[in-house]
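Next, two complexes with chain A in common: one pairs it with chain B, the other with chain C.
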Partner chain A sequence: MARKRGLGFVGALWRVNLLSAMEYRVPFIMQLGGMMLNNVIYFAFWVLFFDRFEEVQGWTLRDMMLLFAVVASGLGLAMMLFGNCRAIARIVAAGDLDRYLALPRPVLLHVLASRSSVPSMGDFVFGLIWFVLAGDVTAAHVLRFLLAVVLSACTFTASLVLANSLVFWLRRSELLADHFMNAMITFSLYPGTLFDGAARVFLFTVVPAGLTGALPVEMLRDFNAATLGWLCVGTALLAAFALLAFQVGLRRYESGSAIVARI
Partner chain B sequence: MPAPNKGKGVWRNKVVSIRVSRLTKSFRTRSKQEGLAGSWRALWKPEWRQVPAVRDISFLMERGEALGFIGPNGAGKSTTIKILCGILHPDSGTAEVLGHVPWQDRQQLCYEIGSVFGQRPQLWYHLPPVDSFHVYGAIYGLDRDATRRRVDFLVDVFELQHLLHTPVRKLSLGQRMRCEVAVSLLHAPKLLLLDEPSIGLDIVAKQRIRDTIRYMRDEEGVGVLLTSHDAGDIEALCNRVIVISDGQLIFDDTMDELKRRHLTAKQVNVRYLEEGERSLPMAGVETVAAGRYGMQIRFDPRTVGVDAVISGLNGLGSMVDITISDPDLEDIIGTIYAENALDPDAA
Partner chain C sequence: MQRTLSTRMLLNRYGALFRMPLAENLAEVGNIVSAVLVMTMFMWVFAMLWQAVFAAQGTDLIAGLTLKHTLWYLLMAELVVLSKPLLAEEISDSIKTGSIAYDLMRPLDFGLFHLSRYAGHVAFRACVNLLAGGAVVWLLVGPPPAWQGLFPAVLALMLAWGLEFCFEALIGLAAFWTEDISAFRWIHQKISFILGGLLLPLDFYPPWLAAVARVLPFASIIYAPGRLFVDPDAGRLLSTLALQLGWLVVLGFAFRLLSGRALRRLTINGG
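Moving on to the complex of A and B:
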């Protein structure tokens, strides 16, 4: 039987994830709309804040809109395409990696693409709308924004894979992975100029939220090759570490005998 | 080392699909005393122990053969199958499946084998099976036409016409399992590894699964390695059986040989016309159950003559019915486990 060895299966997984999400029409629409509304309410705080103070160390309300646009669309894109990046610890702890290992595809890519989060579609759309509302919708700026979103999505995915891969050594690290994700989102949504010194180092290493929010917005505010270079290098390094951690950890995988009623 | 029961000469001219030699796998497990104090101690000073799951197992499987792999819970069946699929790495020993070392050539091997883990569904729960078939087609690298042709064939063989467009969540367990087995055959594998495919199914659903697996085995020459706690599955599908217990191989031969070697007892059910006390005090005869109108006994025909037993029973009253039968495979397997002094429920 002739076989295609490309990555077409990833598209098939995304398609079936979408079909699965749309199987329940009302919850689909509610989750999508609910997440957008949630983001709007969250942003209302910054509207009130900037009503009192014109700027925070050089950041204006428009910069915050760009920050929310990049982070929401980046996180949304990551969770839409690679929704299992936040669930690897649970999958491994439950022994559910078996079903991916029994199939002829790269395990990590297969795991990541096997789930799409519906609320994250709301995040993604919210980010696009916020970008348009922030103004400056020129072709060059749109291209830079899309690049920022893609890099942010890669960073979110890689850092969550890295954090979730701890499960191979700790055996139970689901809560730790959840806290890490919350920290990533929280620290991503602060103005980049708010932190310096050790805090800034922390935000580009331990919890690399600087790469998902502050630095991409820096690139949008004042585009230059150096910022883009740092962003690309940081994302590539993180991705390499994540891949390495998962592959090394995979050798420690012990499966399990839990009875799963459904997937 | 428990060597494969077949002599080397027997295997010389056969194509081997699975070759396992001295396979060993253990898991590192934390042991903890019971209660809060035990948990507290384990938190600060954990004690670890190695729990052997598979111990020095060796066997061969011929291409196209149907091999039953049985053993009590915790015997190491699933661990062995997971090693052979490339899911787990062994501690030591070698294995080749269709010429591949599973834990080194996992991806290549997966194109050539199909696997079903009865406890782990593969189909998308909220979608009809047809959508899952097409995703698996893409995962196995089949183009749309090839997938459609194969799906049509499997739908026909497994009689899935009425199930194909119904969401999986609305299928019965038996219907879903038929779809699970069908999807594992989508890429026309040479070998099918089935881990408890009939778990939780009723007798009708089991029979249908057995029939379709037997059909694929006979028509497409698919080799089958099957683990099951249901002796009926093994009896219906396999001509050879391996018994594994406590991680060790304790029997490897044909189903006929298993019966010949372990069918040492005869079972007799007898009913009488009149009411009365029923017991047969004869050396070598065990009374399994006794009532006012009948009894069930068991004896070894090599030590006690059948005619002596019949005349003894005849002397107890006027018989209206008598049945002499062999114990079923379930009992034989139970006896093998018991002979190895193991707790069948040991996890």
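Moving on to the complex of A and C:
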């Protein structure tokens, strides 16, 4: 019963976020369309690249399309549903966590779902279109893609919560959190086979971009239970660490005593 | 005498505006550390990618460029992009919040006010980025292929940032007509990346596209300084500077025209 009420609360937050974003129609459409166009133009780099070199370490243009589809939809989904995962450090540093602590709702869930990013909706739609354009739209492949997107979104959310939770110990770590997010996106959008040895370990631990792009695409290219298992275990571990870091860090939080009205 | 004094006073004012961002950046150690991290990350990823490409092609030379040429070129291209401040956002925010009123009250030219601050930010960030990125590339592929390319590249870089200033200011001023400029910023950024050759030197493009891209202002901003740096020659230097100056006149005129019209539209409500 309590869980049902919790889901209803999150659903209500998402509804309010969507309605407030759509209140300003022109900026809403411009941001959504602009982000999609932005991604299309960015992908032109890889079209030119593979026109010249055909393949790099076993990756072709189609694999890059799948990679862009998974990463864009995964990141888009994460930022649409839990847009504040990238802003926790700023919220804590400004003492704005008080408003969430005063309410009888799960703090982390409330913080995360309180913001939806409009441009990310453009990312999400772009990813779906890119997946269709990459071909192989069979029922099984669509299911695998959706699973890959959900796991990628969970990884993005968890790793950003983890990076942003450093603010409880380092205080001014907003810039670090921003760079962490940029690193996640940058490394996610390159063929996974480029990185081996220590670089590969780095991309599955310190900056777990391997879990948001390369591994989900590996699962799409050649589906097997082992890859899916590794992906699920990695995502679950990250989510557990993120939850733990936020809960432990929250005990160190000191109110900014700011008096703010939330309307 | 009067004229000389006022010119000197103006130079002092704009000089102070140029020095202010230097002090701001020096005070924020986090900005320096993050600039070093970002530059290191990008050059490392590029090195991985291009080492794999050259190995797969089984050759030391692609479209006249070696791996060393390519990585030093990419460093200069990243230097242009990563060293500039977010001017469009700054202008747009000042329009939306109304703080532009304070900027206009100052006895300074609107364009030169922003240009002085922009140049201060660029000067500081470019030094940090060049040192960080240069160290990474040097470690990976050795010293630059031609030291004599440094001076022509610095000349081209200054004009490149002048052109980028015009683009950013034009996008920022669009906030007078539209509520949100982010879509313009993203699209300008990505078109610059592709037609400027940020991720792939234009020499690797299909010939027809490379020919078109080379005459556009985006290549004058991103491609030209890096290409001059790795392969300097007098002919390339002259044609690059001529093209950059030509585009600077066009974009500078567009900025003057648009800023004049935009500021005439400005209505400030109360105080």
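In this section, the second predicted complex is superposed on the first by the 250 of 263 C-alpha atoms of A that agree within 3 Å, B and C clash if a C-alpha of one lies under 4 Å from a C-alpha of the other, contacts with A are read in each partner's own complex, and residues count from 1 in each chain.
Heads up, the rule we're going with is that contacts are C-beta pairs under 8 Å (C-beta built on N, C-alpha and C of every residue); 3 or more make two chains touch, one makes a residue touch a chain.
Being a predicted model, the structure only gives us computed values, none of them experimental.
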item: Contacts of A:183 with chain B and chain C, given as first, second, both or neither; value: second
item: A:226 touches, of chain B and chain C: first, second, both or neither?; value: neither
item: First (chain B), second (chain C), both or neither touched by A:140; value: neither
item: Chain B versus chain C as contact partner of A:175, first or second or both or neither; value: second
item: Partner chain(s) touched by A:19 [first = chain B, second = chain C, both, neither]; value: first
item: Set intersection of chain A contacts, chain C complex versus chain B complex; value: 24
item: Residue ranges of chain A in contact with chain B within the complex; value: 1-6, 8-9, 11-13, 15-16, 19-20, 23-24, 96-99, 101-106, 110, 251, 253-255, 257-263
item: Chain A-touching residues of chain C, taken from the complex the two chains share; value: 30-31, 34, 37-38, 41-42, 45, 48-49, 52-53, 56-57, 178-180, 182-184, 186-187, 189-191, 193-194, 199-200, 204-206, 209
item: Residues of chain B defined as touching chain A within the complex; value: 27, 78-79, 82, 85-89, 106-111, 115, 117, 119-127, 131-132, 134-135, 137-143, 146, 167, 169, 187-188
item: In the complex with chain C, residue positions of chain A that touch it; value: 24, 26-27, 30-31, 33-35, 37-38, 41-42, 44-45, 48-49, 51-53, 55-57, 119, 172, 175-176, 178-179, 182-183, 186-187, 190, 194-195, 199
